[in-house]
């Protein structure tokens, strides 16, 4: 059950998929469509594992007061607030007590968590009392404030203003800026590591320089030749090199997949 | 642009500058931005998986019957099976039962590998090999212009280059003699290919930074001074100068600290 | 320490600062550079441009905000081109932070299409693009290979409803649109290995016309597929986007960015030269000392 059944499952489904590709039949097509559908659903549950481990790590940092634990609070707040925005939306143009509810809920959950991890009895009591009180405020607002609502089953939340703003003005700027730091690191790498030490390095350097100069309008008539050379380099030698790599990767994937189906490669099972 | 939007844009400008400050050195502003984006992205992912994944693909299908019978009188009750398999994945957290999670994983891996073998073989290996065997254009061997891509000699270089590069990756035979010569040609071709990739990569990375300049200019700086905007507000410039002041203060503080340590060392 | 050793041991923060200065200064100075169009981009343009009105283009925006610098300009140029040509667009994203990117792209392209414009000498009247009639946004699903295969059977298998929760069967433009057979072409704009799945699992199995827009880092690696005819064309990085903007006569962020690239590249080349000169001189000194 522990090791044999997974191996058998991999083999059966793997062979079915291969046969289905070469011998399409009405029934096999039907099973194929079902599998495509089902695996996606299973996968969604698997992705929840990632979210769980992020929460686990961040909460651990806060509990153990590891260095920079305060930033873990920022992470947890970001996670929580974004989920809240995704499940709520305004019903009209007014915000009503939307943010009051959010603050009450956030503080309520925080004090409950604080109460739960605190060791001193009197502090625990304070934490629980404050938490329950704040949650009561949140419930009251949620029930009696008509200007916003929870939507779990329809996707109004995806179009709610705060959800979009958090994406447009927090996720987009930070993610793209963090990635743009690479511009500086490649400049410094080009300066430090890009040396024409031998013929191979020189070939690499020359080809890179030609590709980099291909759209430079200040080179006059030479520019035209550089552009044509760059085009040729990309479409001829580069193509040959990358074709070899593509074929190599393709063969590698097929070999690994065969090993998995035949039960030779079992790394995915982990230990035990 | 309205005032509320400009407030958000200013916040975006703040986190952009905070992130860039990492180039000077690691600091609390950068750490704040970094941790914030991790949390917000995770929350975003939860919501997208819920509204775009679970609800349409699972819940809607199970819930078209009476709600108090759960899925039992749904028209597609069999969708409970992938849901159960999915939940079995969560046994990963238990030391005792984590082996149960291998079952759904095995189904997934079986399907994935079974799909990969014929398709990867045909599309990465076979089609590329066919293309490599393309006919050489002897009638136009020298091409019509400088370094002509469609010329016959280019066809030959593509063919020979690909074979030579493949031979370079063949390590079961020592790279000596003719074999070694071909392999050397192969590595030359590979180096030209990697050089082209590097040239492209420089452009790619620089454009990431250029885009940040464009964003800051178009949405933040220009809006602050754009009086033709019907929603223009004096608050725009207050926010703008406020952030500029914070930036200048930070720079001045760093310079002072730097001079101080230098004086102490000197 | 002589000048050549100094040349090699510059603090990297000076490198950073000079890059900032060069980029900002060349951004502020207004000038334009000519963009030469390559065949690999022109073939994508021709493919979209020659489609008859009412045909459907599947535009897959498989990228996260981190790569928007290169991929957003090409998406905007291409989506606007399609809408101006009265084509219908199915948006889909197989990247986890992609839905927000598509959502933003639809809003901004819609704003742009609303204006009267003349491109390449042809006047296009501004119009409102309507969800469900001019475009559909399918949304996001994880496990891209399975989704690409699923869409090849029926769009309704992976996407029973669109991003906004409307059932696909009740969307006017999706009536009779079962799978890739009813789609004129697929354009994948991506910054990761989703593109491999589009080539092997999508084009390879269902044989549709596939065009790629990708980051500069990846672009050079996909030329073999262009040569073998598996893909129609490749738009590589900001330059590819600028070429598309040039072809559609709709200058945007890419063309604006390329002029800054010219000087940034010259600076990087200068750094490479400095590093190399320093390296060779110090090698020569070492050899002299060794003798």
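When the chains are written out, they are named A, B and C in that same order, and each has its own residue count from 1.
As a working rule, a residue touches a chain if its C-beta (ideal position, glycine included) is under 8 Å from a C-beta of that chain, and two chains touch if they have at least 3 such contacts.
Here the structure is a predicted model, which means the values were calculated and not measured.
S.K.: Starting at chain A, how many touching-chain steps does it take at least to reach chain C?
M.R.: The fewest steps needed to get from chain A to chain C is 1.
S.K.: Which chain has its Cα centroid closest to the overall Cα centroid?
M.R.: Checking distances from each chain centre to the full centroid gives B.
S.K.: Which chain's centre, taken as the mean of its Cα atoms, is farthest from the centre of chain A?
M.R.: C
S.K.: With contacts defined as at the top, give the pair, B-C or A-B, that has more of them.
M.R.: Most contacts of the two pairs: A-B.
S.K.: When the centre of a chain is set as the mean of its C-alpha atoms, what distance in Å lies between chain A and chain C?
M.R.: 20
S.K.: Which integer distance in Å separates the CA centroid of chain B from that of chain C?
M.R.: Here chain B and chain C have centroids separated by 12 Å.
S.K.: Suppose each chain is reduced to the average of its Cα coordinates; what separation in Å results between chain A and chain B?
M.R.: Chain centroid spacing, chain A to chain B, equals 9 Å.
S.K.: Note the residues in chain A that touch 2 or more other chains, in rising order.
M.R.: 37, 39-40, 43-44, 47, 155, 158, 167-168, 171-172, 175-176, 178-180, 183-184, 186, 190, 205, 209, 212, 231, 234-235, 238-239, 242-243, 245-246
S.K.: Quick one: which residues in chain B touch 2 or more of the other chains?
M.R.: Where chain B meets two or more other chains at a single residue, that happens at 23, 41, 44-45, 48-49, 51-53, 55, 57, 111-112, 115, 119-120, 123-124, 128, 131, 158, 193, 196-197, 200-203, 205-206, 208-209, 211-212.
S.K.: Where in chain C do residues touch two or more other chains at once?
M.R.: 16, 19, 67-69, 97, 99-100, 141-142, 146, 149, 158, 163, 165, 220-221, 224, 227, 239, 261, 265, 268
S.K.: Inside the complex, what are the residues of chain C that reach chain B?
M.R.: Contacts found on chain C: 13, 16, 19, 23-24, 27, 67-70, 72, 96-97, 99-100, 139-142, 145-146, 149, 158-161, 163, 165, 199-201, 203-205, 215-217, 219-221, 224, 227-230, 236-239, 253, 256-257, 260-261, 264-265, 268.
S.K.: Can you list the chain A residues touching chain B in their complex?
M.R.: Within the complex, chain A contacts chain B at residues 1-3, 5-7, 9-18, 20-22, 35, 37-52, 54, 58, 68, 71-72, 74-83, 85-87, 153, 155, 157-158, 163, 165-186, 190, 200-201, 203-212, 225, 228-251, 253-254, 257-258, 260-261, 268-270, 272.
S.K.: In their complex, what parts of chain A are in touch with chain C?
M.R.: Touch residues, chain A against chain C: 29, 32-33, 36-37, 39-40, 43-44, 47, 154-155, 158-159, 164, 167-168, 171-172, 175-176, 178-180, 183-184, 186-188, 190-192, 194-196, 205, 209, 212-213, 215-218, 227, 231, 234-235, 238-239, 242-243, 245-246.
S.K.: Which of the residues in chain B come into contact with chain C in the complex?
M.R.: Of all residues in chain B, those touching chain C are 23-24, 41, 44-45, 48-49, 51-53, 55-57, 60-61, 111-112, 115, 119-120, 122-124, 127-128, 130-131, 158, 193, 196-197, 200-214, 217.
S.K.: In their complex, what parts of chain C are in touch with chain A?
M.R.: Listed in rising order, the residues are 10, 12, 15-16, 19, 33-36, 38, 64-69, 97, 99-101, 103-104, 141-143, 146-147, 149-150, 153-154, 157-158, 163-165, 220-227, 239, 258, 261-262, 265-269, 271-272, 274-276, 279.
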